[in-house]
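Read through the structures below before going on.
You will see chain A twice below: alongside chain B first, and alongside chain C after that.
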Partner chain A sequence: MSNDEQGRTLKFHILKYDPQLEGDEPRMVTFEVDEAPGMTIFIALNEIREKHDRSLQFDFVCRAGICGSCGMLINGKPDLACRTLTSRFPRGEITLLPLPAFELIGDLSVNTGEFMRSMSERVEGWIHDQEQESVDLTRIEERMDPDLADEIYELDRCIECGCCISACATKRMRDDFLGAVGFIKVARFALDTRDKRTDEDWYEIIGNDDGVFGCMTLLGCEDNCPKDLPHQHKIAYLRRRMVKVT
Partner chain B sequence: MKNFFDAADKKSRKPARLDLIQSLSGLVLALFMWTHLLLVSSILLGKKAMYTLTGIMEGKFLTGGDHGFPIIVTIIGIGIFSIFILHAGIALRKFPISWRQHKILRDQMKTMKHGDTNLWYTQFLTGFIMFFLGSVHIYILTTHPAEIGPYASADRFVSDWLWPLYFILLFAVELHATIGMYRLAVKWGIFDGKNPRATRKRLKMAKNTLTVFFLVIGLASFAAYMKIGLEHRDRAGERYHPPSEQAELSRGEHQ
Partner chain C sequence: MKIIYTDSLIIGGGLAGLRVAIAARKRGYESIILSLIPAKRSHSAAAQGGMQASLAASVKSRGDNEDIHFADTVKGSDWGCDQKVVRMFAHTAPKAIRELATWGVPWSRVRAGDREVVINAERVTITEGEDAHGLITSRDFGGTKKWRTCYTADGTGHTMLYAMDNKAIELDIPVHERKEAIALIHEGNRCLGAVVRDLINGELIAYVARATTMATGGYGRLYSVTTNAVISEGIGTAIALETGIAPLSNMEAIQFHPTAIVPVGILTTEGCRGDGGLLKDVDGHRFMPDYEPGKKELASRDVVSRRMTEHIRKGKGVPSRYGDHLWLDITLLGKAHIDKNLREVKEICEYFLGIDPSKDFIPVRPTQHYSMGGIRTKPTGESIGLHGLFAAGEASCWDMHGFNRLGGNSVAETVVAGMIVGEYVADYCEANSLDFKTSTIESFVNRERKKIDDLIARSSGEEVYELKKSMQAIMMEKVGIFRNGDGLAQAVEELQALLKRSRNIAIQNKVRSSNPELVEAIRVPKMLKLALCAAVGARDRTESRGAHSREDFPARNDREWLKRTLSTWKDEADELPTQEYVDLDIMEMEMPPGSRGYGNDETIHHADTAVREKQIEELKKSMPNADRHEMQEAIMPYVLPEKYRGKNERVGVGYE
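Right, the complex of A and B next:
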């Protein structure tokens, strides 16, 4: 952190609204915070809650970009508060809004859990193997090609923060659209050799305009994923695979 | 019975077909439009060049005579019109269909300022414009196939008052086609290769270059036809003949 960034006073414009509170109206409130070296939005939010507004609601767990709780709109772009340095904003003005497309709990806190759960149930995001019951547990598991394992692991890095959903105009316009987080999950299990689902089975899940054919390739997911997951590449891959299903 | 139920439960393959047809028809139309503009821009090389090229396209070399087969233009016109309507009909599925959807889209664009989302909106708008302007243009040319030439086309610009339509259409087509080709490539991951992100950057650059290229030659051709049309206003309807043919014609008249 360079010295000239120390001593800056940052201005945070934050949406305040508690839907549970009768008569409460959404409004923007401005808070001033003295910037500290290496400060993240998450640290600044804690300071605001400590010093200015004890009622401010926002989510966090891990502070390290792996739990996916602190997704929010930072100057209009969905990102994780814990991974966004305040030094990234030369003007020192930062607007924070809750992630759109999710149910608002209050202020910056949204309910991504309910959506993610139903998404996971919709794509049945677990290994499907009819012979699983008769697996001989005394035998060593079948080996997996390390490259394939890497590829699966790459997609497993998804933390379900919801940024791709908020960044997707298609999803925002059409509630039933699956969204990038769902496609990443499908791609992950479609790659996995332990999952015995065929392309026909996958087509039943994503083979319509609420699924992969509804994607208009706006690429908000690709450009706003905090984990840099290969959304464009994987959605294209699923599209090619699904169009071949007869 | 079991099979019957399985078949009935199966999801329709239509959405897959429609997605593919939308892309393929778009590809054909974009390639056609690029070729079309290059042919039209032959006017930049002079009236004679455009006249000769029109002759070749109309199959003049087959008859060896003075006129070819303008019916070729009609056939291509009908073909392109059909693909155009098909493409528009399928792409319509993706339009924001209510005020609410449109408002969400606009709000999203305003807050996110995301390039590719904005590009899609451009395509939606230009597509909508082309429903009308494109149809007018294709219909006129399909029904007047013989009226393509340095003077005939220029008269259409000026004396027939199509220049405002052509001016808007030029921007609509060129933006829609280049953005569409870029989207096609990333949508199907055609050139993804080992590093899809680097590919996308290159594709974006290619898209921008092509947009500028086609707009520049498009506008230059537009200006050329306007100039000819204005100069030819008093003799609108008269056809162009290159100097060599002109001589023959006047000799014929004297005899």
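Right, the complex of A and C next:
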């Protein structure tokens, strides 16, 4: 940890707005925090809440970059706040806004949970297999190619943080656009041989302008996904597959 | 007053809660899950290393079966567990993992042929069998005889939780998010549901159900440094305690994980050592073989954590501004292995430490990790004091971990318990209708409303954040890895003083809707009660067992302490829990207490041990033709729901 981290005073500019409170208006509030070595935005926000503003709302669960709770706009870029070190900002000024495109709960807290559940319902994000219920669990499991298992895991690493949705220009224009997280889910299940859905089935879900055909390939999603998922590759792949269906 | 009725109410949307809900739903009972957060963000997602189940497909796990998994778990528990529950568990775990495979978990698979692994700091080549190609593989973990921990890279909990929640979505099971259960409702000794606070608009809602299941996870946040999520505060456990009739058990049994990063306490998985990583000291010396020449870095967690602490105390730690630490060295595993199988660890190192674990050592220290104790239940998952209240997962103590849990056994427990307890929950729904007086519901809601009113109305009093920090510091310092009588007596006194002060908390933010300070003010007094149960339990238990390690009583004492601790909080005005003890009956055990094989065995044995050993030996002699299943049944019969009783098939040996 470098020495110049010590003694810095950080300035946090944070959007405050509680829709639950009648008459409350969105506004930016600035808080000062003495930087500590290894300080993350998670640590800083807790300090602000404790010392300066007991009402400040934000969401952290794992504080380790794995649960996807803490997406917010950090100096304009959607990212996970818990694993963002304050030392990354040489000027010591950090502006925090709630993720756009989601319902605001208050201040930095947004309702990604409801969004992700309806996304899952829309793409039916579970294994579709008629035989599933009749599998005899005492028997040796069905074999799977080890490489395929690894590839599915790559896509299963999405933590539903919503950063890709907030970074998507198409989503901002069209509310019903499925968005990158949805494409990743579809790609994940389409890859999985346990899921018996066909391309025709997938077409029903993403073969339109609210699906892959609406994507403008500006790749805000790929640039901002904290898990580095291969959005570009998968969107292109899904599009090729869907074109074949038509 | 808003009331929501359902058949099966499940408090907690982690692996355990989701699985219970799925079981009840499949049996035709309406289920509602409550959660502080979206289900997929539950702390189960944080499990990295894997899930134990004796599938025995990989070459290093051949020969494994329920018997060995059972024996490892009982030893790991330092004989503090309920052996029948461990049997139920070991027998169902292979089915749990296979079910999850059909629900979509992309378990890492065996690849036939040669592969290089690191064992005891050396690269060796092992050859996986053709017959196992494509089956679920497993890795080594601490305290196990075989490589039994199945995984998806180091994102196992994540993929399991996602598959489980997706199944729940498929079954249309509602998850009511951002809701906090703050009290249980009961009429006499029958549980009727919970009083729930909506964390967005502050509304109090009564959820009324035939059966209520607590699956709220652990309570690591009683400590200042923990691997647990910030929501792991034990409120579910605490509201069971607050009923005055649902006892908690073994609250002093708290596990410290050897390798959390310094200073923030984020975990690096046991898989690091399972895959061949080493622990090193200030001189770069690999010290574990000096203490535990047998299992070395892969001794049971409690043992490794104690050895590390001892080594630091000898002055061999690496000094840092955050105190001394040791090194975890995984550089020898090579970049390719780390990039593929230890990715989360790699990301954590990059983001939080700014280091590359394929080149640099990782600074680690033992850190609070897991709560073996919890809501005491029967093997069915039902509370021993409150009918209609069930518990599963880390929040419960049906008691399969005793005084120390093995790595990989917890996510396995959540799913297995979910499957089994879920069946009993459905049975309960079938056998019991909902009879209650509306006035009962009203009185519970009014009681909670009044508490909140009082909190908001109080203009001056105690600072909630200060109380919480003090509690966490006391637990860390005095109810930690090594404990002693004086320190524990002080801890109890100090926590008691904090509890009294917590009855006079005043908050600055008076808003009734979303209000993080109010949330703390509701929680901290509850957390203090749990802390007191742990501290009193630790003070009174004058022996060392598993993770409970007394410097003044270093030996395990079966003669006097082969007992389970029960804590109840009889009256809201009480300042201490009421403690009782229940004997573990050696004469019913399949595996009478022996040595775990670490350090010198100084165990003070119980007279029954020798008697039971002899009895078992004779029984075995009298059944020369019995296979292992028949023998097991003769020694210690146990009950499982019908659908999980079948024997488990394994490659090469069939249903043997």
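In this section, the second predicted complex is superposed on the first by the 245 of 246 C-alpha atoms of A that agree within 3 Å, B and C clash if a C-alpha of one lies under 4 Å from a C-alpha of the other, contacts with A are read in each partner's own complex, and residues count from 1 in each chain.
In this text, a residue touches a chain if its C-beta (ideal position, glycine included) is under 8 Å from a C-beta of that chain, and two chains touch if they have at least 3 such contacts.
Computed from a prediction, not measured in an experiment: that's the story for all the values here.
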Combined model on chain A where chain B meets chain C, clash or fit: fit
Touched partner set for A:G220, first chain B, second chain C, both or neither: first
Partner chain(s) touched by A:A64 [first = chain B, second = chain C, both, neither]: second
Spatial angle chain C-chain A-chain B, Cα centroids [nearest 10 degrees]: 160
Partner chain in contact with A:Q232 - chain B first, chain C second, else both or neither: first
Touched partner set for A:V29, first chain B, second chain C, both or neither: neither
Most chain A residues touched (candidates chain B, chain C): C
Touched partner set for A:D156, first chain B, second chain C, both or neither: second
Minimum distance between Cα atoms of chain B and chain C in the superposition (Å): 15
Residues on chain A lying within both footprints (that of chain B and that of chain C): none
Complex interface listing, chain A residues touching chain B: 73, 76-78, 97, 100, 167, 169, 172-174, 200, 203-204, 207-209, 211, 213, 215-220, 223-224, 230, 232-233, 236-237, 239-240, 242-243, 245-246
Residue ranges of chain A touching chain C (in the complex, touch as defined): 18, 20-21, 37-38, 40, 49-50, 54-57, 59-69, 83, 85, 105-106, 109, 112-114, 116-117, 120-121, 124-127, 129, 132, 135-146, 149-150, 152-153, 156-157, 159-160, 189, 192, 194-195
Residues of chain C defined as touching chain A within the complex: 37-38, 40-43, 45-46, 55, 94-95, 97-99, 101-104, 106-111, 133-137, 152-153, 155, 158-159, 162, 166-167, 169-170, 175, 177-178, 200-202, 229-231, 263-264, 266-267, 321, 340, 344, 347-348, 351-352, 354, 465, 507-509, 511, 513-517, 644, 646-651, 655
Chain B to chain A touching residues, read off their complex: 10-13, 15-16, 18-20, 93-94, 96, 101, 104-105, 108-109, 111-117, 120, 183, 186-189, 192, 196, 200
